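Across the two complexes that follow, chain A remains constant while its partner is chain B and subsequently chain C.
Showing the complex of A and B:
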């Protein structure tokens, strides 16, 4: 087990190093280069040289790469050009919000997907199954931002003048500071519902399809027939013998769906005004504030790598066969 | 014997091919009525183009060319339908009921399976209708999607017969913008998937064929690329490049979404390499190039086609999301994503605008997903019962 974890750690470290490298080259190979934002036809050659020098861009590429790696290892992301503050501060302010939203959405997505998948598989080919399959196909064909707008319209003050849920933000900007602890909690949960649902529904649809397929595959196995033959109740057969084995591959799916969840988070943060990294990245993209989206890129990449590492280790814990190979 | 030569399909129904006849008639009737309805515009466009070609000095904008192309495409399609129906009816009358047994290749069997699958045929019809709308949109609506109307009198109008979905805050006809937006979405979906499928197939085939350290290095790189959330990666690339033309968007989406295909193809190649036919052709001395492109890839075609179809849907979603964030296709060129971006401030008052643009995206992606699922069932012999 220890060698397995060590090997996975090594692989993750290599992947992280690769992420850093790709990041570096995307910026430096782009037409115009990283100084594009300062570009000004009136600028004299000396000023241009001065700016280049102050950012260390007059050095040869390998040396720049080396100093870039060094500063990344020290978690120094540089200075935001548009916001006039260290990028690290900006990231620290928004990263927890993004993690909160995406992890809650991921767990909602998993539980919804698994439950729907089980129901569809147990009632295979019934009307319920067909309805569930068709609606999940529709759900993952809906773009997240559109689902978000629909929710806004339906639940946050749209046509029917229903204003059950807050349309944007993380907390009630006016009243939050004067609330008691439970009121604060309730306020946060209210603000979480719509963004979470928006991210989770699409993913839940694809997980439920996968879960249904897995469970149907498992139910056809010999040991399920044995379990039925020895007279176990259908409930025990499905939940004790079938479900456990069908759930294992889902762990891999968690790892694979992380980038999708994060992409969804970026969009949903912009729809619902959630103060997270995705919104910062999109704002920075408009201002060409490249230190910011380099850091955001790296943070998301690191989160995905960490998630994949966790999923791999979890899989090895659940399924001993993986450790041996 | 033809009784109704100018209404394709009727003769098929008369001769007993009900299904084929209904499909032909169902395609022909709306197109023919479109041609009759817009006969004036079509005639005008033909005359105008003829004057331009003969060298008269007339104003000829891109919009004129657009209408001319749509009009000629419509006429050619109608003529083709009549011609096809005439030929096929003659053959039908000749054979008169003696059903010929044709050989059943992969595609013939797949086509029969596909026809039986109701969801898949629904998906295919949605897509055919969409492509027809994309081709003929200058004829369906008379409004130029980028032309701004009167800034006070025609701004933010409610839906009416004149403007089916009203006008936006720049006094442009929203219905026309949504119809023309289909071109962007379908174009981006098609080309970007073309790029990513090509790269992914070659990459996966090379990795799977050569194996060993080449495979490990190539697949490590795929893992790295998969660790970036695609949307963030695309935002980064779009933000640092100078122009945000639609071709850049297509290239960037294509270049950042080939990894899944590469993995899929590599897996298929690894399976095929174990089979006897591959060992045999290698023993006969076939080179790597020939082995990959003549022997391995043709056998891996089925999953690639299915993956490509499903990918088009997700690519259209990606382009829409990017345009929604304001980083994709730039206005005034209409795309479904930037229509929603343009109108999202009006969501609580003029809610029908973002709603119908989003509905268009959803219908398109549902169409591609249905088609992809149906193709998988039809092409995969293991699923057949």
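Showing the complex of A and C:
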């Protein structure tokens, strides 16, 4: 087990290094630069050169790459060019918000997906099953930005005077400071509903289809027939024997869902004005804010790699056959 | 409001989803408030405009209620609330609430007293002396003095800090402290914009910033946690979410009526408009024209419409052999129905633009020649230049070369994207093939600055200063902002003469001539000057929204007690 984990860790480290290198060259080779969008004729050419120099951008690319690697070894992320602050500060401000949103969305996605999958499998080929399958396919096919806008129109006051849910942000900015603890909590939950649902629904749809398929396959196995023959209740058959075995592949899917959830936050954070790292990433890419772009993508990469690592290890714990390969 | 001074290329990111407005039928629709004050000739003069000063002072004698919160919706978060390191107008808007300038710039460009009580030029006009107020304090209690002014000037001109408006101070030799409330600017030469150059930029607190080395300004603590001396005081910055400022009890004029102003960041435009409709924000600037009709039916909102300070154009790269003939460029403009663009895409919220100077600037020439839509004439002019469809494929050609080129513009600005297509259609009618090329914004601006384009749709945000050198002068031929390689010795001569002309009437004649030369040459096809549409909640009173800036007198806005919505 220990060698398995070690080997996995090594692979993760190599993956991250590759990611860091590819990111570095992609963003530096992209046309444009960090000064293009904010440039104005009142800024003299000398000043422009000084700014580039102060961020080390006047050096040849290989040298920039080398100093980037060195600063990464010291875990220094440098200074944001567009945000006028240390990159680490910008990440510390936004990373917790993204993790909060994505982890809640992931749990919602999993629980919804698993429940719907079980219901659909147990009631195989019923009208309920068909409706669930059709609606999950529909939900899975709707792009997130569109689903988000749809939710805005339906639940945040777009249509008529119905404004049930807040359309943006994390808290009610005007009243939050004067709220009591439980009011604050309720306010935060209200603000989470729309972005969370937008990310989770599509994923839940795909997980439910997986879950349904897995469960149906397991139910056909001999040991289930044996369980039924023993006279166990249907509930015990499904939950004790069926579900436990059908859930195993879902663990892998959690690992695979992470990148999807994170890319979902990038879009959803923009639609719902959620102050997260996804927005930092988008801004940084458009502004060619190299230091922040690299750091944020490394963060996302590290989160995904860590998620996969965890899924691999969990899977190995549940299924000893994996460790042998 | 520092950004109000600069000339900036704009990449207004408009929403990408369209929405059809209702037919104009409802009689209850609000009438837009047109509040732009006519421009007078006071932009460079040291005299006050008595009417505007009286209007400003009259507020403090009037009766008004205090209280309430104004929630401003913005697309982008600010990056720094330090005047010397900020880059966006989102930041500039907030900085202007937190800090004082030496003078207040009025809507007609005249200057009114702010941190400075009065000012005077020396007889040789090389020294400008400001008398400062002695009752202005920083929000931490320390007095604002002449030392702060001198300190600010030194930092503004510090190349390591690289203030984006550093050029404005290039003609000032030094700033001298005479005593605690007297400060003197010494100029290198006499020229019309001395007062404007001296007062541009807000004054910063020396006692808080003098220990910060210049190299560290780009990421220092003060950028995110500023201490100013203006009517409002910085309270909280929730990154990517909101910035809150509150009334300063210590402000020398007494506290402003509003308790708080919250700048709420909503990156999605559809969402922002939705929140305006549902009352979750009170104010939105630059509402896209397509939303006007729908929002004007909302009884809680008042529309403010006035000419914006931008103009949109198509640049013709003069290095390209297609565009080297003046006659051909005039024909291109004549082949374009600019009114169609304005009617179809801007819902009439724009005026046709004829030349390179904004109508809000004193030197604007209202009698410029125009090239009205006339495809027949365009075809004739092109034929005179040898462009004929000799192979019968519908596209003009000359010496075996087809009249074919690309029009670049930036992605994310729906109106500009549509313009490329409309222009493609219009030019096809005279036998010219123009292909739209929509590029990611940073790539597009980089192409523009490197002059790697055939033609391009772009826009300028015009400064308050009469300035044409950076974009049009032969001296700037190799600089990035003369995008089109424009060079005309006659223009150069007139421009240089106008820059140094102290007599306003003589200068005006010269500037008029300079504009005529450019228009005659048509290095750009000037498309239109858009109107700016802002919407504000009805409960706010004494609102004076102007081309110079929507928040010009925000420290005097107030809401009657019985209409106040928040605490």
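Just so we're on the same page, the second predicted complex is superposed on the first by the 288 of 325 C-alpha atoms of A that agree within 3 Å, B and C clash if a C-alpha of one lies under 4 Å from a C-alpha of the other, contacts with A are read in each partner's own complex, and residues count from 1 in each chain.
The criterion applied here is as follows: a contact is a pair of C-beta atoms (placed from the backbone, for glycine too) under 8 Å apart; a residue touches a chain by one contact, two chains touch by 3 or more.
Note that the structure is a prediction, hence the values are computed from the model and not measured.
Applying the stated contact rule after C-alpha superposition, one finds that A:263 touches chain B and leaves chain C untouched. Using the contact criterion defined above for the overlaid structures, shared-chain residue A:149 touches chain B and also reaches chain C.
Looking at the shared chain after the overlay, A:75 reaches neither chain B nor chain C. Once the two complexes are laid over each other on the shared chain, residue contacts for A:13 go to neither chain B nor chain C.
Once chain A of one complex is fitted onto chain A of the other, the partner contacts of A:185 are absent, as it touches neither chain B nor chain C. Touch criterion met: A:27 reaches chain B, while chain C stays clear of it. With both structures placed on the common chain, the touch criterion links A:288 to chain B and to chain C.
Once the two complexes are overlaid on the shared chain, A:128 sits clear of chain B and of chain C alike.
Look at A:308: by the touch rule set out above, it reaches chain B but stays clear of chain C.
On chain A, the surface touched by chain B in one complex and the surface touched by chain C in the other have residues 30-32, 36, 149, 152-153, 157-158, 270, 286, 288 in common. Chain B makes touch with chain A in their complex at residues 220-221, 223-233, 235-242, 313, 317, 320-321, 324-327, 340, 344, 347-348, 351, 354-355, 358, 361-362, 365-366, 369-370, 373. The touching residues of chain A, counted against chain B in their complex, run 11, 14-15, 18-19, 22, 26-27, 30-32, 34, 36, 137-138, 140-146, 149-150, 152-153, 157-159, 259-260, 262-263, 266-267, 270, 278, 281-282, 284-286, 288, 290, 293-294, 296-297, 300-301, 304-305, 308. Looking at the complex, you find that chain C touches chain A at residues 5-9, 11, 17, 69, 71, 79-80, 82, 85-88, 159-160, 162, 164-168, 215, 218-219, 223-224, 238-242, 244, 262, 264-268, 270-271, 274-275, 277-278, 280, 440-443, 445-447, 449, 463, 470-471, 479-481, 566-567. Those residues of chain A lying in contact with chain C across their complex are 30-33, 36-47, 50-51, 54, 79-80, 82-86, 90, 93-94, 149, 152-153, 156-158, 161, 163, 166-170, 173-175, 178, 270-273, 275-276, 279-280, 286-288.
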